[in-house]
Amino acid sequence: MNVVVWNENRHEKLNPKVTEIYPEGIHGAIASFLREEGHDVTTATLDQPEHGLTEQVLAEADVLLWWGHLAHDEVDETIVERVHQRVLDGMGLIVLHSGHFSKIFKKLMGTGCDLKWREANDRERLWVVDPSHPIVAGLDTYFELEKEEMYGEHFDIPAPDELVFISWFEGGEVFRSGATYRRGKGKVFYFRPGHETYPTYHHEQIQKVIKNAVAWTASLGAPTHQYGNVEPIEEISVKE
Amino acid sequence: MNVVVWNENRHEKLNPKVTEIYPEGIHGAIASFLREEGHDVTTATLDQPEHGLTEQVLAEADVLLWWGHLAHDEVDETIVERVHQRVLDGMGLIVLHSGHFSKIFKKLMGTGCDLKWREANDRERLWVVDPSHPIVAGLDTYFELEKEEMYGEHFDIPAPDELVFISWFEGGEVFRSGATYRRGKGKVFYFRPGHETYPTYHHEQIQKVIKNAVAWTASLGAPTHQYGNVEPIEEISVKE
Amino acid sequence: MNVVVWNENRHEKLNPKVTEIYPEGIHGAIASFLREEGHDVTTATLDQPEHGLTEQVLAEADVLLWWGHLAHDEVDETIVERVHQRVLDGMGLIVLHSGHFSKIFKKLMGTGCDLKWREANDRERLWVVDPSHPIVAGLDTYFELEKEEMYGEHFDIPAPDELVFISWFEGGEVFRSGATYRRGKGKVFYFRPGHETYPTYHHEQIQKVIKNAVAWTASLGAPTHQYGNVEPIEEISVKE
Amino acid sequence: MNVVVWNENRHEKLNPKVTEIYPEGIHGAIASFLREEGHDVTTATLDQPEHGLTEQVLAEADVLLWWGHLAHDEVDETIVERVHQRVLDGMGLIVLHSGHFSKIFKKLMGTGCDLKWREANDRERLWVVDPSHPIVAGLDTYFELEKEEMYGEHFDIPAPDELVFISWFEGGEVFRSGATYRRGKGKVFYFRPGHETYPTYHHEQIQKVIKNAVAWTASLGAPTHQYGNVEPIEEISVKE
């Protein structure tokens, strides 16, 4: 399977703490553990030509992962349209953490995607609320991140097609942390954790969820629809 | 309740057949039967300044109905943003027939919203599939339109929050004809029938559905959320 | 509107603390604040003949509220069937707190309805996750109960048709606290809070939610369906 | 994967036409094409001891398929309970055609599961309405059965978690023909076609759907939840 990990890659250049945690960048860390699954994994970043997301890269991608935060506005509308169309055509998309405010996620959701947040080393506990879902395979009833940025409700998204995780935060909030959506022939998974100053993507359960999500979002051969003006299949009794 | 009926109002100027069926325009016909419910109903059309949808008009609207077809592209992006924001803030929105391709519907859905279609006097039969829904109050198990334009699946929308009607067409197709969505604090109802060359909006059951939908989409006093950076409610044990 | 508040009414007889909080019983407290809405409210309890739920009582009920805990097994199967059928026929049903394990709720859900629990004076905070829903009209972004029994995920229910509240608990858990379901022509609302040793039903926001829920679950005139063997509506070309 | 095909196997004994179409029984026909997928497929029928569904058979089954019609009432409650519990524990269940009225399906749904029907050689056309779903992999935008029994709305089921197919019938009806549900850790798929007097299970697309559904309903390693009384994870400030 072809997997592309996209990262804004700006915190890595600005904040030594982030570089310390992710010496190869957040994209490098994610790509690394996804390669363990035998996928063909490449990375792409904001400052590359076309943000690294050329027509060809996207055409060949089965799943795209998206991490962005500081520079959502710098993402070119043309590339957003291109990614959007590929999702509708069947490419899986996994939107991570602060990607909730990315142009592509907002475009797919149709809502404001706003939320509450706080950087205060909250303990986060992710509870599984849909044990039948392939994305939670191999997990326990919950798992814990010792410190994370808090995201709190209300999270301004459409009601998820499937709600997979709900987070508990030490400071008093809850959050719909794992949510799936179908858009056209494509499947979308939003997964909350992953603030850049915490080693979240080195966490074993986080890696398991993302691996499961890559398998789940990948398309399996969707029908090709004809749209537009069509002839009747059955005879119509003409009425005046 | 303040209800605004928006219509592109172009077919009415170009096609005498449409004017014959709807001498006051499609908006006039819809406004007329909604007034029977005791609502304060006004109309707005594309060629008015700001398409008749000023900040004030929208701020006071509880529910907006939308009919468009020929001139989706002429709707100003600023107005689309304005309507979008009002839906997220709680205004109800009812999108009618060819409005499936309007900018506002596509923006709220996040998908292509394409479909199959045919103008061949198909008989259409709308089957109630959610009898618990207030939108079907007073209907029978199905109702019929002798002649309508056909819209067929696949209809490229997100899975509806609630699927209320499925249409059967004489020529061999089916369609998800009544579908609800929540976006932010607002409720959205898409209702399929209403091609301009048929007297669909004079049909008793169609009027009943639209009346019910106006009542259902209206907001009832949603919470005001705080978004952004917040203090913890509970004490957090600081971790290094 | 005719509203029936059903209560097992056993804790009230066994535990003076409960009687102190609810001198008229939990049913009496709930009936009292629902009468403020102008409804015609009656009560029914387990130890009455037919548990107070005769054919006539149910036939006339628009909405039934259900509180049970100690004696789920004593509820007669005939009465469970009767309530079940009335829900499918359009009566609203509000299941409160430990009613999650009642026969009627399990029958409507089709799952085990199990959960984690703890009586330890946890603070509970109910977050609104669907601000467009009539059940949250007039609430703020969350409200708090100083002390309640904890219910924690995984809650073994079908994915709610609409998820309205998520609870945060001081001891580290989350819970889907307000959930709606449609069954036949009837609407069902499960609402978590309400342990008998806390004054939960005297809490202003709790009362508001239950009042809203009564209005929301009431039926509005659903279609009467014909089931069974039917003649074709359209002509069928006979095939050998 | 271990797959068990359960069939009532009564029409096969009573109606020579059925035996002609399915010389090995409906269960034999289904088992045969599922073996092409490399699964370990066994069959079980009503008249076997414990209906062929012993504790061990179910414990080892990843997916169970269910075809019944004439003798729903003869299925023992103990076996229904056993199958129900295995679904909640993660076994996939595929309910076929007249299985809509089986005890196990009604128990999982919580509704009456009634519908309209007609045996009149209607042409049936199954339209794909969720092209992102693995169950439709490899299909076209619709497929057709020249002759089938008609099932028509209203179909008294809960709103499906995912609606995959909608059927068009020549005689004027529509039907939600492919619907998924999650119950506990288990996944359920209802698939409409398959009247015993038509060669439906020999149809290539029908076989493809059932093969896809077997893969989709199989569990992938769900979490083991603890239910009941639990200690707090976080410290609780005791309140009087």
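Here the chain labels run A, B, C and D in written order, and each chain numbers its own residues starting at 1.
The rule is simple: a residue touches a chain if its C-beta (ideal position, glycine included) is under 8 Å from a C-beta of that chain, and two chains touch if they have at least 3 such contacts.
None of these values were measured; they are calculated from a predicted model.
Using the average of C-alpha coordinates as each chain's centre, D ends up farthest from chain B. Centre-to-centre separation between chain A and chain C, using Cα means, comes to 36 Å. In whole angstrom, the spacing between the mean C-alpha positions of chain A and chain D is 32.
In chain D, the positions touching at least two other chains are 123, 125, 128, 130-131, 141, 152, 154, 159, 161-162, 170, 172-173, 182-184, 223, 225-226, 233-234.
Shown here, the protein chains touch in all possible pairs. Residue ranges of chain A in contact with chain C, taken from their complex: 125, 127-131, 141-142, 152-155, 159, 162-163, 166-169, 172-174, 176. Across the complex, chain B meets chain A through its residues 88, 107-112, 114-118, 120-123, 146-147, 150, 152, 154, 156, 158-159, 161, 170-173, 181-184, 223, 225-234, 236-239.
Those residues of chain B that touch chain C in the complex are listed here as 90, 123, 125, 128, 130-134, 136-141, 161-162, 170, 182-187, 219-226, 233-234.
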